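Presented sequentially are two complexes of chain A, the first with chain B as partner and the second with chain C.
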Partner chain A sequence: MSAAAAATGASPVRDAVEWRLAAPLGLTYVVFFAAPFLILLGISFYADAEQTRLGFDSWLKFYTDAFYLKVIFDTLKLGVFAVVATTILAYPLALVFRASSPRMQRVLIFIILMPLLTSVVIRTFAWIVILAREGVINQTLMGLGLTATPLNLLQTELGLVLALTQIEMPLMLLPLLAIMNQLDQNLIDASRALGASKWRTFFRVILPLTLPGWIAGATLVFASATTAFISQSVIGGARLVYLPALIWQQSMVVYNWPFAAVASLTLLFTVLSGIMALSWLGRFARTT
Partner chain B sequence: MGRTKAEIHPSMASQHTATAQAAQPLTLDGVTHSYGTGFAVDNVTLEVKGGELVALLGPSGCGKTTLLRIVAGFISQTNGKVIIGDRPIDVLPPNRREIGIVFQNYALFPHMTVAENIAYGLAARGESRAVQAERVAEMLATVRMEGFADRKPRQLSGGQQQRVALARALAIRPRILLLDEPFAALDKNLRLDMQIEIKRLQRQFALTAIMVTHDQDEAMSIADRIAVMSHGKIEQLGSPVEIYDEPATLFVNNFIGSSNLLKGRVEAVGSDGYRVALESGAVWTLAAKGRFEAGAPVLVSVRPEQMVLADEAAPDRLPVALKLSLPIGGALIHDATAAGGEDIKIAVPRRPGALSTGPGAAFAALAPHARPSLFPAASS
Partner chain C sequence: MSQRSTPADISFNLTVGLIAGIAILILVAPVLIVIATSFTTTQALRFPPPGLSLRWYGELFDPVRSAPIHTAALNSLWVAGWATVIGSVLSVLAALAITRVSRPSARALEASFLSPLVLPTLSYGLAALMFFSVLGIRPSLNLLIAGHLVVIAPFVFRTTLASLTQLDPALLEASANLGASRFYSFRRITLPLITPGIAAGAFLAFIASMDNVPVSLFLSTARTSMLPIRMWGMMESTLDVRIAAIAGVLIVAILVLMVVMDRFTGLTRRVSA
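This part shows the complex of A and B:
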C-alpha cells in the first residue's frame, strides 16, 4: 500500500529508470521466448508435415488418438508420483532438519545439495547401474535370496519414479527446509501443551503453516519431473513414452513439425495445469 | 480428562468453574538440568501451594525459563521430580500434563480464528462441537473478547492477543497455569491492566500458577511469592515484601529494587543490633539479620526511600554532596556523592509544587523505621 502511494508520488523520471532496468531481460524474453512461442503456435495450425496447408488436423489427430491421450496422462501421472514420493521423504527430513543444531544443519544442507553438483546425465546413468538387471538392487535382492530372478526395474515407471525422486529431491527440500526453519517453536509447544498429540500437531499446525514451502517445492518437482527428457528417455527407454520424448521423436525423427508443435504446447499446458492446481491449493494454505 | 464437565451458564461460568475442582499444589523436588558440563537448573526444590501464584524472577540465563519448560514437559530434566497434587508427572508427555501455558509472544495459531484457537485444546480432547462452541463463548466472555471470535490473531492488538492466549490456555481447564514473560511484549500502559486481568483470572479459576519474569515490578505486583533465581538456583523464596525488605543475599538485594551499598565495619555487637561505622563518616546502629563479628567488614544496603536529608551534621548522618535532583512521579530522587566517593540515591516524597533543589552540601540520615540490610563485604 505504502509502496504504491510512494510510486504515485515519485517523479516520472524515476519510473522510467525502473522500466529500463527490466529492459534487457524483457527484450531477451520477447526475442527468445515470446516470439518462438508464437511461431510454435502458428506451426501447430499446419495440417500436414510439409507445412503446405492450414487446418486443425494436427490438433484433432493428437487429441482423438488414445495413444497420445495416454502419453499426456502418463506424463501427468509421472509428475504426481514424483511430487508424492518427494513429499513423503522430504517432510520427515525437514522435521529432523528443524530439530538439528546449526552445525548439523550445515552438514545436512551440504548432503542435500551434493546431488546438484553432478550433472543430471551422470546421475541418471548412475541409476542405470543401480536399477539394471545386473545392477546393485537386483544383486543385493538375489544375494539375500529375496528373489530368484532379477526384477525389471529399468524401463518401468517404478524405476523412473525412484530415480526422479532422488534427482528432484533438492528442489522439494530447499523451499521446505527454509519455511520449516522459520516456524515458531512456541506454536508447536502450544499445540502440545493444549493436549494435541505429535501427529495432530503435525497435521493441524506444522503442515498448514509450512504448506507455502511445500507448494513451492511441489511446483518445481512437478515441472521438472514432467519435462525431464534425459531421465525419462534413458531410464524409461523406448517402452515408456512421455511428452518430451514424443516431441523429440516427432520433430527430429519423423520431421512432423506441426504435430511436434501440438505436443509441445500440450506439454506446456500439462505443466501449467499442474502448477495452477498447486497454486489453487495454496489458497487453502491459511497461513495468516 | 476424567473430570466432570461443569454445567455452565455463561454468566455463572466463573463461580462455577472456580469451585469445580480444588486447586492442586505443584511440587518441584530436587529438579536439576544440565547441559554438557554446566547446570541450567541446579537442584531446585519448590512447593507452589494450590491456588498460589509464584514468580520465578531472575536475569536472563538464570534457569527460570528452563524450569518452566521442564514443568511443561518440553524438556526432560536430568534429575528430580515434578509433582502435581501427589502424582509425579515426569513420565507424561506435554499433551497429557493438563497444563495451560501463555507464551511471551502468545503463540496464537496464525492460520486459525480466535474461536478456533480457543477450541484447539478442546478439539484435541475429542470434545463435541457443541461443547467446544459453548466453552469458546464462555471463555471469550471471561476475557471480555466477545465479538472477536472470527478474527485472525494478526487483526488483534497485543493486549487482545494476550487475552485470547489466556482464554485458549484456560479453556482446557488446566491444573497448572504457566506464564512465560506474559507482559514483556505489552506497552507499559497496558501492562498494569493485564496484570490485574491475569491476577483476576488466576483467582477466579483458583489456579496454581508459575510466572517467569525478569521484571521485578511484574513479580512484585501479582505474585503471592517470589523465587529469585540466579545460576540455576533459588537464591531466596518469599513474599514480595520479604524479598524487598529482607533480601537474603547481596544478589537478591541488588536485583530487587535499587539500593545504596555503603562500605563499613562492625564496631560492636550490642543487644539492640550492630554498631556499624561507615567509611563515609556516620555511625549507625542496625538491627539487621545475619551474624557478624566485631571488626568484620560489611556492606550496608539502604534503599533510596529509607534515607532522608538534613541540614545539620550529626554522628548518625553522613555528609553528602548533592549533584542532581530528579522529580520522578511522586518522589524527588537526589543523586549524591558520599564522603567516601560512593554514589548515593536518596528518594524523598515530593511536596506538591516543590521543585528540585539545586546542588549543594547536605547530610543524609536513615529514615525512621528504616531497616537496612547487612552483608559481609567479602561477598561483593
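This part shows the complex of A and C:
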C-alpha cells in the first residue's frame, strides 16, 4: 500500500474488501436466524398437529376464538402496564441522576446495573419471597395492623406488574439516563429564568427533549415484558395466560406445532406493532 | 439556578425525590431480600429468616445431592463461553465492515444485526427448535451455542460499533501515510483503542447467555440442561431454598465481575454515555 493508494481511501475497491468482513456474521444470521423464522412461518400453514395437511386451519382456529384473542389483548395490556409503571418511576430517578455528582452517578449506575445483570429467574424468585402469603409485603401489612388476613398477591395481575416493574426498570433507565446527561442546561435555565415553575419546565422542556431516550427505553421494556415467560408463568400462575405460556404449552406439552407457530408469529407481530407504535409516536412528537 | 423556591417548586422536588426513593428501593430491595433469605435455617421461604445458617449453601455444594444443578451450571458456562467467543469475533468483524461504509445498505445491515435485541427471542427459540428438528439434527450443547450466539452477538456488535465511531480517522490516515499496511494499522492502532468496548460488550453478552431463558427453554433437554431452566423447574415444583443459595453465589460473582469490568472497560461510563 503506497501513500497514493491511501490518499484515495474512499475508492469503491476498498469498500468492497471491507464489506466482506460483515459476511461471517451475516451468514450466521441467515442460517441460524432468518431460516428458522421461515421454517416457523412454513409450519404455521399445516392444518393439523400431525403436520400432514396444508391449510389455514391453525390461523383460523387462533383468530376466531375469543379466548386466544383475549390472550393477545392481555399480553399487550401487560406490556403497556409495564411501560407506564417503569416510566413513572424512571423519570424522577433520571432527574435525580442528572442533578447528582459524578461519583453519585456511578453509584446509581451500579444500583441500576446490578438487578439488570442478576438472572431474570432469580429476580422472579425474589418476588415470590416478597409477594407470598408469608412474604415481605404481607408480613409488613399485618405487622402494621392494616390487614388481618394475608393478601393474595401471587397469581394476580397486580403482583405480576409490580414484579415486572422491577425486572424491566433498568431497561427504561439506561437510555433515559444517557439522554438526560446530554440535555443542555441552558434550556432549563432559560425556562426557569422566564418564570416557568419546575413542573412546567419538566413537562414543556425536559420531557419533550428526552422523548427519544424514553422511546428507546419503552421499546425495550415493552418487548421484554410481553415475552417474560418465567416471570409471567411463575408469578402470574396458571390462571393468567399470556402468549409466551401459550406458545410453550402448545409446543412442548400439547405438541401442536402448527398452532404454536401461529401463536409465536402472533407474539412477533404484537411486539413489532408495539415497537412501530412507539416509533410513530416519536416521529409525531418531533413534528408537533 | 439560584432562585427563590415557590410552593410549586417545593412540591416538584418532594414528588421527584419521593418517587426516586421508591424506585431505588424497588430496584435494590429484592436483591437484598434474596441474599438474606439464602442464610435461613428453615425450609420455608420466610422473611426475615427466623435464624441464620449456611445450611442451604452446604446443600448447594453437596456433590451428590446437587449434582443436577452442578451439571446445569457447567453446561451454562460452557455454552456462554463459546457463544461469547464466537459471537465477539463475528461481531467485531461486522462492526469493522459497517463503520467504514456510509451507504444506506450499511445502516439497514446494522439494524438487522441489532434486531435480536428487540424481537421476541421466545419466538426465535421455537423457530430454532423447529428448524433443527426439520433438519433432523439432534439436540446438543452445540445447538445451544448456535442459538445463544445469534441472540447475544448484538451486545458486542453495539459496543464495538460505538467504540469505532469514536475513533479518530486521522490516526489511521497518519498510520497509512507512514507506510503501515492496513492489517498493521488495525493491529497496532484500531484494536487497542476498541478493546475496552469489545470487552464491555463481551461481558454483557456472556451474562445474557448465562441468563438466557427463551432460547434454552426450547433447545435444552434433560441431557443438556441449562441453569436458568433447572432453576425454573425447582421453583415450579417445591420452591427449594437452594435457589436462594444459587442466587447468593451468582449475585456475588456478578458483583465481583462488575467491579473488575468497571476498572478495565469503564462499564458504568459506557452505559450512561
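Here is the rule we use: the second predicted complex is superposed on the first by the 275 of 288 C-alpha atoms of A that agree within 3 Å, B and C clash if a C-alpha of one lies under 4 Å from a C-alpha of the other, contacts with A are read in each partner's own complex, and residues count from 1 in each chain.
In this section, a contact is a pair of C-beta atoms (placed from the backbone, for glycine too) under 8 Å apart; a residue touches a chain by one contact, two chains touch by 3 or more.
These numbers come from a predicted model, not from an experiment.
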Note to self: Taking the superposition on A as described, I'd like to know which of chain B and chain C A:S197 touches: first, second, both or neither.
What the structure shows: both
Item checked: Touched partner set for A:A35, first chain B, second chain C, both or neither -> second
Notebook entry, point to check: Given the touch rule stated above, what does A:V205 touch, chain B (first), chain C (second), both, or neither?
Noted result: first
Next item on the list: Could you say whether A:D189 touches chain B, chain C, both of them, or neither, answering first, second, both or neither?
Entry: both
Next item on the list: Check whether A:M142 is in contact with chain B, with chain C, with both or with neither, and answer first, second, both or neither.
Entry: neither
Notebook entry, point to check: Between chain B (first) and chain C (second), which does A:S251 come into contact with in this model arrangement: first, second, both, or neither?
Noted result: second
Checklist line | chain C versus chain B, contacts on chain A by residue | finding: C
Next item on the list: Pick one for A:L25: touches chain B only (first), chain C only (second), both, or neither.
Entry: second
Item checked: Residues of chain A contacting chain B in one complex and chain C in the other -> 189, 192, 197
Next item on the list: Mind listing the chain A positions that touch chain B in their complex?
Entry: 184, 186-187, 189-197, 200, 204-205, 208-209, 285-288
Next item on the list: Can you check the complex and tell me which residues of chain A touch chain C?
Entry: 1, 3, 6, 9, 15, 18-22, 24-26, 28-29, 32-33, 35-37, 39-40, 43, 88-90, 92-93, 95-96, 105-106, 109-115, 117-130, 132, 134-136, 139, 165-166, 169-170, 174, 177-178, 181, 189, 192, 197-199, 202, 219-220, 223, 226-227, 229-230, 234, 244, 247-248, 251-252, 257, 260-261, 264-265, 267-268, 271-272, 275
Margin query: Looking at the complex, which residues from chain B come into contact with chain A?
Written below: 72-74, 93-101, 103-105, 107, 109-112, 120-121, 124-125, 152, 154, 168-169, 172
Item checked: chain A contact footprint on chain C (complex, rising order) -> 1, 3, 6, 8-9, 11-13, 15-20, 22-24, 26-31, 33-34, 37, 44-47, 89-91, 93-94, 96-98, 100-101, 109, 112-113, 116-124, 126-131, 134, 146-147, 149-150, 153, 157, 173, 176-177, 179, 181-182, 207, 210-211, 213-214, 217-218, 228, 231-232, 235-236, 239, 243-244, 246-247, 250-251, 254-255, 258, 267-268, 271-273
